[in-house]
Structure formats: structure tokens, C-alpha cells
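What follows is a set of structures for review.
First subunit A sits with subunit B, and in the next complex the same chain sits with subunit C.
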Partner chain A sequence: MSVARRLPEVLVPALLVVATALLGLAVSNYLEGYFVNTLVKVAIVVGLYVFIGNSGVLSFGQISFVAVGAWTAGVLTVPRADKPIAFPGIAHFLATTNVGNSASLALAAVVGGVFAFAVGLPLMRLSGLAAGIATFAVLEITNNVLGYEGLIGPALNGFSSVPPTTGIWQATIGCLICIAVAYAYQRTRFGRMLRATREDPAAAAAAGISIHRQRLVAFTLAGALAGFAGGLYVHLQPLAANDLFLDLTFITLAMLVVGGSGSLLGAVVGALAVNGIYTFFTAAVNTVDVFGWHLHVRAGTAEIVLGVLMVLVLILRPSGLTGGRELSLPRRRRALADLEKARATT
Partner chain B sequence: MILGILSLQPLTWPTVATALALGGVYALMAVGIGLVFGVLRLVNFAYGQLIMAGGYALAYGSLWNFATWQSILLCFGVVLVLTVLMDRLVFRPLRTSSPTVMLVATFAVAFLLQNIALLKFGPLSKNVGSLAQLNAPWDIFGVQIKEIAVLAVVTALGCLFILQLLLTRTPLGLHMRAAAMDFRTARLLGVRANRVIGAAVIISGLLAATSAVFLSVQENSISSTFGLQDTIIVLAGVVVGGMNRPIPATLGGFSIGFATGILGGVLPADKTQYLTSFIFAAVIVVLLVRPNGLFTRGGGAVERV
Partner chain C sequence: MRVSKRARWALVIVAAAALALAATAAARTHSSSSKKPIVIGWAHDSTGAMANFDGPALAAAQVEVKKVNKKGVNGRKIVIKTCDTQGNDSSAAKACADQLISQGAKIIFTTCDVNYASPVIQESATKNHLLTVAPCIGTDQMSPKFTFCGGTKLCFSFGNVAQDEGSAMAQVAWNHGWKTADLAKDNTIIYFDAVVNAFKARFKQLGGKIKFETTYQDPTVHPGSVNYHAAAAALIAHPAKVFVTATAGAYGALGPMMDDLRTANNHTPVLNSWAGDGTYWTDQNVTNYWFVTYANAFGHDPSKAVNKLAKALNPAPGTGGFITGPAAIDGVVLAIKRANGSLVGSKLANVMQKFHHVPTISGKVSFSKRLHSVFGRAYRVIELHNKTAIAKGTIVAKKVPHSPDQP
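Entry: the complex of A and B
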């Protein structure tokens, strides 16, 4: 398969992200925040896709890596003068250490990756329900510890005075980095080996692929991306532990499933589509004008619409909007003609 | 954290009684979840929202000045209707999908119901009124034990006994056990699929309603997230115990409830907020050591290729 023909596989998701960003720039300042939020969600879902999409194993633990990344980036960037108020009980080392914006994002990715590796090392041996419940347990523990432990962060209060550096540019670039990493990974032999284990674990194992090792690689990479996305998120809005718990887990899973968990395009399309709908109904709480028609809904409608949508997609189109396929150009006729000619001459 | 564990509080009888009661309620929930899993291969995340609906029914019953038995009847009615609706509208169309798709679907239903409740009943929690009198302590051999704890243990034992009779002594029970073992072969041998599934769904609904009554009285504050955390813990317990058979699943549910109750009582006061972490860390350890279940014998089900 030629490189040119494969180009749309990564270009289309990237262009969708850029188009969203441009749309965000074109609208009013007030609405721009929604677009930035959408882009951060895309980054989180792409991280989720790297593991779930490629391995076919359900993980509820991804948001715990987002949370860990958010904590890392948040704690390290709050100005030193504000730290005694923002984090009353924090460890001395964290109270005196500060890093810049980009460094905080990089560190968030590193911490997310390391945490995912440490968790995945034992857990990736499990499969099926046991794996699902174990990753859920990781989510519960992370939420519990981050929510109460004052030594490592703001505990119950949630973050305050984190520099709000995630604007539309930072969100777009961050999102594009995630897409590039996810695509690069799925084209490497590691990505292909993992996809082989997804399609047929027994055959893949027979071909010499270590399922445990391949899943661990993807889990770690997904954890790093999640940590990075968490860093982006905490620079966007003040977060608390419960913002990064069950609801976010559900919403991001919904995005992946609606889009189609089998492809990068599906992850991006799902995140954009679901976020669009979700944001629309969230904004409609304060009345939105749709072509002169004043729409006003009660708070909580967005979640209900999302739930119904997700059930419908699962029933009517279980492989998602994209059907789990990437977008690539159709095979050219000439290649086939050449082959025929070659066959005729021999 | 380590030092905190060393300075545990002494174990008291009321703690044991509370733990037994929680274990009993969780065992009932575990059976409800396990039965549906057995015949449908469906992990029902939305089970907690059935319990939430039951809790709201009790709360509204007391708001409308219903007698206790009327409230409980209302609770059973609401939960049963919701269970059957859930099965018809969501689980039946998805019956042939992969377990992952079904799991995500129940996740969606749970989220949906929770938000409908939030929209309908508001963010403020409601209490169950007169039923809360059951929290009054009884004096048993000089030990103060909550009335509800005794009732919960007795009811759980009763329900489990009846269920065991149903499963082992009736044709329907035989069909259900056969379907849980191998659905396709059971159908070939004349087990009617819809009847077995219907029975499992209805029994799980009845158990959800029973659990709802006890949980509502114990916590006495019904909000849209009521039952959610309990369901997650019970699901973990069921998987830890062994999902494939009713008895290991029940034991798993009971153990995790009992452990939660005991730990909640003996952890020093400044560490109780980490109760969730301790429980789930234990879950992870057990899953790693016995991935097929703590209470199952042999190697468990062999994965088919």
C-alpha cells in the first residue's frame, strides 16, 4: 500500500481537529471555551483509543491516568506564592518546585505513562471481566487517594490558580500531537502485533506474539497520552477529583463507542460529534438561538440525550459511526492492470 | 498509611452486626447480578439504578403518607416494571452482541437513569421517613444492634434459601442452571430461552427491590447516585467470588460487604476516607492471584477459541 494512499488515515482526523479549532476562532470569545474543551476531550479519547481500540480490551482505568496527569501539571505550575493557600498540606518538595507550561505537560505525560506501566504490569495478565473490574478498581483507588490526600495536591478543594494556558492553540497542538502519536503507534510493528491479538488471540500467540507485553506497551502509551491530556485539561479549567471520575469515564467511552472504537478516525469523529451534541444541550440551558428559534432546556438534558444516543448507536450500529474503519483512498486500477500485464508476459 | 493500619480500633459486636447486614444485602445484589449474568452473559451496571428507583419509590411513599407495607409494595412495583422495561428495550435487542458492547450499553443505561432521576427529582437527597425507625437499636444479650441489621441478615438468608430451592428443586430452576452453563445446548434440549431469561430478569428485579428497601433504610438519604457505589463494589465482589456460578458469586458479594463493614468499623477515624482504596486494592490482589474467582474450584471455564 502506497504512502500517498494511506495519508488520509492521519490527515483526515488532523484536518477535522484543525477545522474545529478554526471554527472556534471564528466564533465569539464566549463560545471559544466550548471548542477548547472539545479539543481537550478529543485528546483524551484518542488516548483511550490507543489502548481500547488497538487491543479490544475494555479499560475503565484511563481517566485515572488523566487525573494523575492533571494533578502533576496542576501542582507543578501553581505560582509558589499561591501554593500555601491552594495546597495547605502539601509535601515540602512539591511546595518548592515549579516548572513552566510545556515542561508541566511533558511531566504529566511521563507520570501518566509511568503510572500506567506500574499498574499495567500486573493487570495486563487479566482478560475479560476480571480486567474490566481491575481497571475499575484502579479508577476508584486513584479517585479516592487524589480526592483526599493533601500531601500530593489540593485534596477535596480541587485546583485553583493554575495558570490557564490551554487556549485554542495549545489545545489544537496538543490534540494533533496525540493524533500523530496514536497513528504512528498503530503503524509500528507493536501496533500491528496488538491488533493481531485483538482479532485472534490464539493465532497471534501461536505466531509468537506476547499478548501481555503488547497490551502493556499500548497501556503505557495510552497512559502517557492520558496524562498529557490531563495536563491540558487542568490548564483549561479548575478541576477537582470528582471531575475526573465516573462521569468523564462514561462520556469518553461513549465518544469512542459512538465513533467506532476500531479506528483513529472513529475516536476523533466520535469525540467531535458527541461533544458537539453534549455542548449544544449544555449551552441550551442558558437558551440558544437555532435559526431564530429559541431553544431552552433544563439542566441535565445533555446527559439524557447522550445516554439515549449511546444506547441507540449500540443497538443499531454496534461498530460505531465509522464502522471501525480508517479512511483511505481507493486502490488504483492501474496497479491491478500492471499486475495482469506482468502475469501475461511470464 | 501503614502506621494507620497498625493503630486499628477494636472490633465491636455492633460493627460485626453492621458488617453482616451489609454482607447480606450485598449478597442479595450479587445473586441478582449473577443470575442475569448466568443466562444472558450480561454484566448489569444499571443494577444500582434499579435500587435507586426503589429508594425513590420508598421516599415518595413516605412523602405521600403511605403505610410502610404500601411503600414497600410501591418500591417492588417500580423496580419490577423498570427491570422488565430495561430488558425489553435494551438488553433484548443486544442479546447477540459481544459482552463488551452489552457492558457499555448497561453503563449507558445507568448513566441515563441516573440523570433522569437528577432531572426529575432534583439534586437534593430525600429520606425514607417512617421506615427509618428500623434503625433503632435492639438490645440483644446486652449488645446494641440495629433492628435493620437483624432483619437484613434474616431476610437475606431467607431469600437465598428460597432461591436455592427454586434453582435445585423446580424444573424452572433446572432450566436456568442449564442455560447458565451452556445456553445453546440448553436450547437444543428444549429449554425455552425467553422463559428462562424472563425468570432470571424478574428474580433479579425482586432481589433489587429487596436490596433497595434495606439500603434505603440503612442510609436514609436517596439521591440520584444512590446505589451506584454499592453496585460497583458488588460487581467487584461478584467477579472476585467467581461470576459463573451462583454460590461463588453470592459468597463474593457477601465477603466484600462484610469486609467493607468490618474495615469501616476498625479503621482509625482519620483513615476511613481511604476505605474504598483498601477494598479495591484487595480486589486487585485477589483478581491477580485467582482470576477465575476466589470461591471456584479447579481452573474455571476454559476460554474457547
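Entry: the complex of A and C
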């Protein structure tokens, strides 16, 4: 497939993200936060896609890497003077270390990746339900450690004075970086080998592909992207351990499934569509006008609508809105005609 | 099912269009505001963990506002505009604060837990420099010494300082001759933690003995947790004169813990904080159960004004926490008057820091430069016995011991 034909595979998701950012700038000031939040969610879901989408293995543990990234970026950017109050029991090294915004995001990615690698070493030997449950256990452990261990962060207090640097542009750039990395990975031989293991593990293993190694590479990369997204998240709004737990796990998985877990486009479309709908109905609880018609819904409507949407998508389009496929330009008619002619002559 | 490329293109466009529609539609949200009234924006939770505390406080505040508006505040009326944070979803809470500010709110009220309130505080106090009030945050984390308010003096809570409440509970225990106590700490929320820590410190000062300590996690805040059953079993295994905890009746652990204790034929008194106020969560196993609270919501408060207000509310308030809403309105109104009608956050904060025994419907309220939550209030002591509430007088914390929660 030519580069030009493949270009939409990465351009369309990127353009959707940029369009979302521009929309976010166009709406009322108070709604901009929802758009920034949506972009951060896109980054998280893209990270999720890198592992789940390419490997076909379900992971409930991805949000633990988001949490670790958020903790890293948050702890390292809270002003040093605030740390004795914000983190009364924190380790001396962390109390005396401060970095800037960009460095905190990079470190969040590194720590997320390293943690994912350490966790993935034993876990990536598992498949199916066992892998899902094991990654869920990682989520539980991480949540409890971050939520209660004062040596490494705010524990129960949650973050309160992290510089709020994630605006619409930081979120957009962060999101584009995640998309670029995810796309680059899926085009490499590692990405192809992992997808081969997804389609037929036995055949892939017979062809000499190490399933464990390929999954570990993807899991580590996904952890790094998740850590990075966690850094973006903590710079957006005050977070506590429970903000990075079950709700976020299931909503991001829902985004991936609704969009189509088999493609990068699916991850982006799913995150945008689900968050768009969720945002609309969340805002409608406090009344919105739709073409002059006042719409007011009861609290909880967003969750009901999302639930119904998920059921419908799973019934009508089990492989998601995008069918789990990337978007590429159609083949040129002449080339097709030439191909058919060649076939006819042989 | 194989999908044609054209169909996939169409789907992407539809998704983008849906997002655009959502955005443009939502952008037209009501933003009408009148310049004349003083607009208080109230970001409350109607569905989540704080709903049982925010709802009654807001309803009672609205009654109080009607009363205030009969005379007006420096010739102006007060209007409360509300925004539902829907379970304190961070994005929704943040958007709520911005929405209320865009509707002309000059003072922002927020929910009763400091972590849940953080996104609102960040927008209102830190970014927009508005006076930000929580009717019933039960810790002193709104103070400038903490970082929740971005180091500003703009945040206040009309809730009691948890250390004050824990100290009052210790006095209740001591006064009833309960000289030994077992502690069961719900460590999901700082307020719960701080109350039990303060109880422990003050109880030991009074000469009491802590016989056993355990922890658990409420499943409402920490989904999936069931360790409160183990905590109840551990309490039964370590007899003491009183079992002390701080957790909410509205959550998931308290009811089952009481069931565990009473069905095991253990009838040791259980002493809780304001969080465990109310009968709405109780069953026949909630006996010999004590708590301290802001007001007696069962119609037997020492203050006639409180009883009258409780009676006026429909539905009737479930806990005494309802009084913190009107108390906060009373306090803010007084601050505006003392600031000569100014709504500038820093001016109002300066005035409020000087509140000393200021009368509100909830009793006398004091703040200081260091403490931005109320201390020294008279707590109502109530015993529950199979859904019957029995008033057991009032208590004021004589001493607030230093506890690990106070930097």
C-alpha cells in the first residue's frame, strides 16, 4: 500500500483531534474544560488501543499506569514550598525535587512505561480471562498503594496544587503525540508481529514470533502512553486515587469498544463520540438549548444513554463504529483495472 | 460484518458532527443573569456520595434566602443559582463552577468534601478569586495553610473542624463513663480519619484507654470493599466500653457493621460523628448508637428557629447537616454587610477571618486567619434506638488536641 493511501490512517484521527480542539475554543468558556477532558481521554484510549487493539488481550490495568503517571507528574510539579502541607509524609527525595511541566510529562511517560514493563514481565504470559483478572489485580493494588501511601504522594488527600498547565493546546499536542506514537508502532514489524499473534497465536508462534515478548513491548509502550496521559490529566484538574480507578477503567474501555478496538481510528472516534454524548447529557442536567428548545434531563441520563448506546453498538456493530478498521484512500480505478486485466491474462 | 470504506467515512463524519452538535448545542446553555441581585452560585451534588449532605443544606439555604430577601442585603436581593455536579465528576464540577461564574455568581458554594470540592475551588478561588464557601466541609483544609485553596484566604467552611468534633465525641464518651474504647477508622475520607484521630488524642488526654484499633474502607467511596465486616468482627473480639467510628450512614459500611455487631449479640454503644446522623439508613439493629451533630433534625433541637426551619423543609431533612446551608448564607450576608456591599473575594475573606462568635441559625460561628472552618459550636448529642432518636443534650469541645492531621 502506498504512503499516500495510508496517510488518512493517521491524518484522519489527528484531524478529528484538532477539530475537537477548535470546537473547544469556539464554545463557551465553561464548556472548554469538557473538551480538554475529552482530548485527555482520547490520549488514554489511544494508549489502551496500543495494547488491547494490537494484541486482542483485554487489560483492566491500564488506568493504573495513568495513575502512576499522574502521581509522578503531580508530585514533581507541586511547588516545593507547598509540599510539606500537600504531602506531609512524602519521601525526602520527592519533597526536594521539582521539575517543569514538559519534564514532568516525560517522566510520567517513563515511570508509566517502566511500571508497565515490570508488571508485564510475569503478566504477559497470560491470555484471555486470566490476563484480564491479573491486570485488574494490578489496578486494585496500584489504587490502594497510591491512595494510602503518603511516602509517594498525597495519599487520601488527593492533589490540590498541581500547576493547571493542561489547556486545550497542551491536551491537543499530547493527544497528537499519542496518536503519532501509536501509529508508528502499529506500522513497525513489532506492531505487525503482535497483530499476527492476535489473529492466530498458534500460527504466529509457529512462524517464530515470541508472543510474550511482543505483548510485553506493546504493554510497555501502552504503559508509557498511559503515564503520559496521566500527566496531562493531573495538570488539568485536581485528582485523587479514586478518580483513577474503576469508573475511568470502564468508561475508557467502553470508548475503545464503541469506536472499534481493532484500529487507531476506532480508539479516537470512540473516545470522541462517547465523550461527546456523555458531555452533552452531562451538560443537559443543568439545561442546554438545542436550536431554541430547552433540554433538561435528570442526573444519570448520560450513563443510561451511554449504556444503551453500548448495547446497540455491540448488537448492531460488534466490531465498533469503525468496524475496527483504519481509514485509507480507495485504490485508483486504473490500477484496479490493470490488476483485473493482469489476472485475466494469467 | 464487512463495512465499506464509504460507510466508514460516513461514520467518522457522523461522529464528528455529533460532537459538533453536542458542542454547539451545549454552548447555548442558559446564561441569562440579572445584574442587580447578588448571585450565589451553588455547585451541588444530587446523585453521588455527597448528595445526602448537599441536598438538605441547599434546600434549607433557599428557605433562609427568602427570609433574608424580605429585608435585602444593602438594598439588593440574593439569588441562588445551582449547578449539579452529578456525583462530583471532576469535569462536571469544574464546568459547573465556570458556568455559575458565567451566570454572574460572585460567591461560589461547593460540596461538603474537600477532595470532591477541589475542581470547583480551583476555578472559583484560585482562578477567579471569588469567595468560595463550603457549607459543611468537616476538616480545616479550607484554611490558607493548606494548598486546596491555592494558598489564598478565599475559602471557608461552615462545617465544624473535624478535630473539634472528635474532641467533643471524646468528651461524650468520658462523660458517659465509657473509659475504654475501640476505634474503627474508615480511611476513605480525610474527615473520617481526622475525627477518629482527634477522638483518640482527646480521649487519652481525659484518661481514657484505647484498647484496640482497626481500619476499613467504605464501599461507596472504595468500590468492592467488604473489609468492614472484618472490622466489626475485630471489634467484637476486643471488648471495650464504646466502639468509635466516623463514617456516613448514607454510604455502605455503617449499616452492615451495625448488623454484624447486633446480630452477634454485641450491644456495646457505638459512637459516630455527624456523618452517621439520621435514621434513613437504619434498621432494627441500630440500637445503642450515638452521634454528635450540628442540629437535631428530629424536631427536638434546643433552638426553636432550627425546629421551625426543619419543619418548613419538604422533604424533611435527614440529618442535622441541613443547618449548615442557612448558616453559611447568614455568614455570607453578614460579611457582605460588613464589607459595605462589596462582593470582592479578598474583601469578604478579610471580614470573615474576623468573625468571632457571629450569630447564625446554627449557633455562634468563629473563624480566624489560621482556621477557616468553624470551631466551638455546641454539638447536639443524639442516641438512636431502632429508628427512634433520643436527644441527649449538647456538648462543646473544651479542648482541641493536636492531631496528626494538623500541620
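Of note:
By our rule, the second predicted complex is superposed on the first by the 335 of 346 C-alpha atoms of A that agree within 3 Å, B and C clash if a C-alpha of one lies under 4 Å from a C-alpha of the other, contacts with A are read in each partner's own complex, and residues count from 1 in each chain.
Here is the rule we go by: a contact is a pair of C-beta atoms (placed from the backbone, for glycine too) under 8 Å apart; a residue touches a chain by one contact, two chains touch by 3 or more.
For clarity, every value in this text was computed on a predicted model and none was experimentally measured.
Subunit B and subunit C, once both complexes are superposed via subunit A, clash.
By the document's definition of touching, neither partner reaches A:A205: not subunit B, not subunit C. Of the two partner chains placed by the overlay, subunit B and subunit C both lie in contact with A:Y148.
In the superposed model, A:G300 lies in contact with both subunit B and subunit C. Measured by the number of subunit A residues touched, the leading partner among subunit B and subunit C is C.
In the superposition on chain A, A:P122 contacts subunit B only, with no contact to subunit C.
Of the two partner chains placed by superposition, only subunit C is touched by A:I85; subunit B is not. When the two structures are aligned on the shared chain, A:F250 is found in touch with subunit B, with no touch to subunit C.
Legend: residue contacts after superposition of the two complexes on their common chain; A:V18 is shown touching neither subunit B nor subunit C.
In this superposition on chain A, the options for subunit C are 134-142, 260-268, 296-304 or 368-376, and subunit B clashes with just 260-268. Overlaid on A, the two complexes show subunit B and subunit C touching the same residues of subunit A, namely 140, 148, 246, 299-300, 318. Those residues of subunit C lying in contact with subunit A across their complex are 1-3, 5, 8-9, 11-12, 15-16, 18-31, 46-47, 83-84, 86-87, 89-92, 94-99, 101-102, 115, 118-119, 122, 127, 141, 145-148, 150-151, 187-190, 193, 221-224, 407.
The part of subunit A that touches subunit B in the complex is made up of residues 56, 58, 122-123, 125-130, 132-134, 136-138, 140-141, 144-145, 148, 201-202, 246-247, 250, 253-254, 257, 298-301, 303-304, 306-308, 310-311, 314-315, 318. Of all the residues in subunit B, the ones that touch subunit A in their complex are 43, 90, 93-94, 97-101, 103-105, 107-109, 111-112, 115-116, 118-119, 228, 232, 235-236, 239-240, 243, 273-274, 276-277, 280-281, 283-284, 287-288, 291, 303, 305. Residues 12, 16, 19-20, 23-24, 26-35, 37, 78, 82, 84-86, 88, 140, 147-148, 156-158, 160-161, 164, 237-240, 242-243, 245-246, 265, 269, 272-273, 276-277, 279-280, 282-291, 294-295, 299-300, 302, 317-319, 321-323, 325, 327-328, 330 of subunit A are the ones that touch subunit C when the two sit in their complex.
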